């Protein structure tokens, strides 16, 4: 964690973005870059009776870090994506609780 | 948003359903049909040591709209799916907070 | 429900794990094994500019059952995964509300 789950952006593009993006996010979150994961999910989107392109969307799963970090986190993702050609995208943050998050079977609120 | 993430229902079937369903949901939510996304995710489900069919499930990600709209939203999805031959399905709503949702880097609670 | 959504662990391995694991989890949750779903999602993970292996992660979606059951639930998953060769993994619990969960269009808080 933080965990970025991506849809609607090619994984090859996310690979290019990942290097500078995760470096910047790690500084912002004051944690190691190796805590991050970037997982692209294959989706088939439909609308109006037919298949359509998937709208670019990233869900960030993390432990709550407050408004200021969150704003800057979202701004950084959007900026790197825009520089790579993704002009329109949305981001949502999903908060996990530390006592409901387990690393190798041990709760993060105990570790 | 609202964003429907679908598993266990073929995307070709969801395409057929999408036209009348999203029209009805848009009226219910008093927003444009172009706010909706319907994304089908490929899953491999397992049970009892072997691969099994994925149980039809739709997660609706949205901003909270209250019990009445939610009940009617779920009823509409289930009805359209049933008419298309999906006799057994479950739906869960996942609530995003407006201040943790970003459109092109800008928080929805600021926009 | 509970619903296990898996990434970074081969579905063939999860199939092997599923039989003893779901039996144990069903006893723990005092519900039938047929309430469970185990869905593996295909992801393409990236980091440092290139594709990497997906880190093993399971999100458990369920109705809240409290700390003790949750701890034992996570311990059981981790133990079965470890026995099958998954030495490093993380688990997060996502809580659905009963009044926002619908079975065939009917809310679970009404049923």
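Think of it as A, B and C in the order they're written, each chain with its own count starting at 1.
The rule we apply is simple: contacts are C-beta pairs under 8 Å (C-beta built on N, C-alpha and C of every residue); 3 or more make two chains touch, one makes a residue touch a chain.
In this text, all values refer to a predicted model and were calculated from it rather than measured experimentally.
Engineer: In terms of residue numbering, is the interface formed by chain A and chain B classified as same (over half shared) or different (under half shared)?
Structural biologist: Mostly different residues: under half of the interface numbers shared.
Engineer: Could you report, rounded to a multiple of 5°, the rotation needed to superpose chain B's C-alpha atoms on chain C?
Structural biologist: C-alpha superposition angle, chain B on chain C: 120 degrees.
Engineer: Between chain A and chain B, what is the separation of their C-alpha centroids in Å?
Structural biologist: Here the centre of chain B sits 21 Å away from the centre of chain A.
Engineer: So which stretches of chain C touch two or more other chains?
Structural biologist: Residues 41-42, 94.
Engineer: Quick one: which bits of chain C touch chain A in the complex? Just the residue numbers, please.
Structural biologist: Touch list, chain C to chain A: 7, 41-51, 54-55, 57, 67, 70-71, 74-75, 77-79, 82, 88-95.
Engineer: What residues of chain C sit close enough to touch chain B in their complex?
Structural biologist: For this pair, the touching residues of chain C are 1, 3, 11, 14-16, 18-19, 22, 36-42, 61, 94, 96-97, 99-105, 107.
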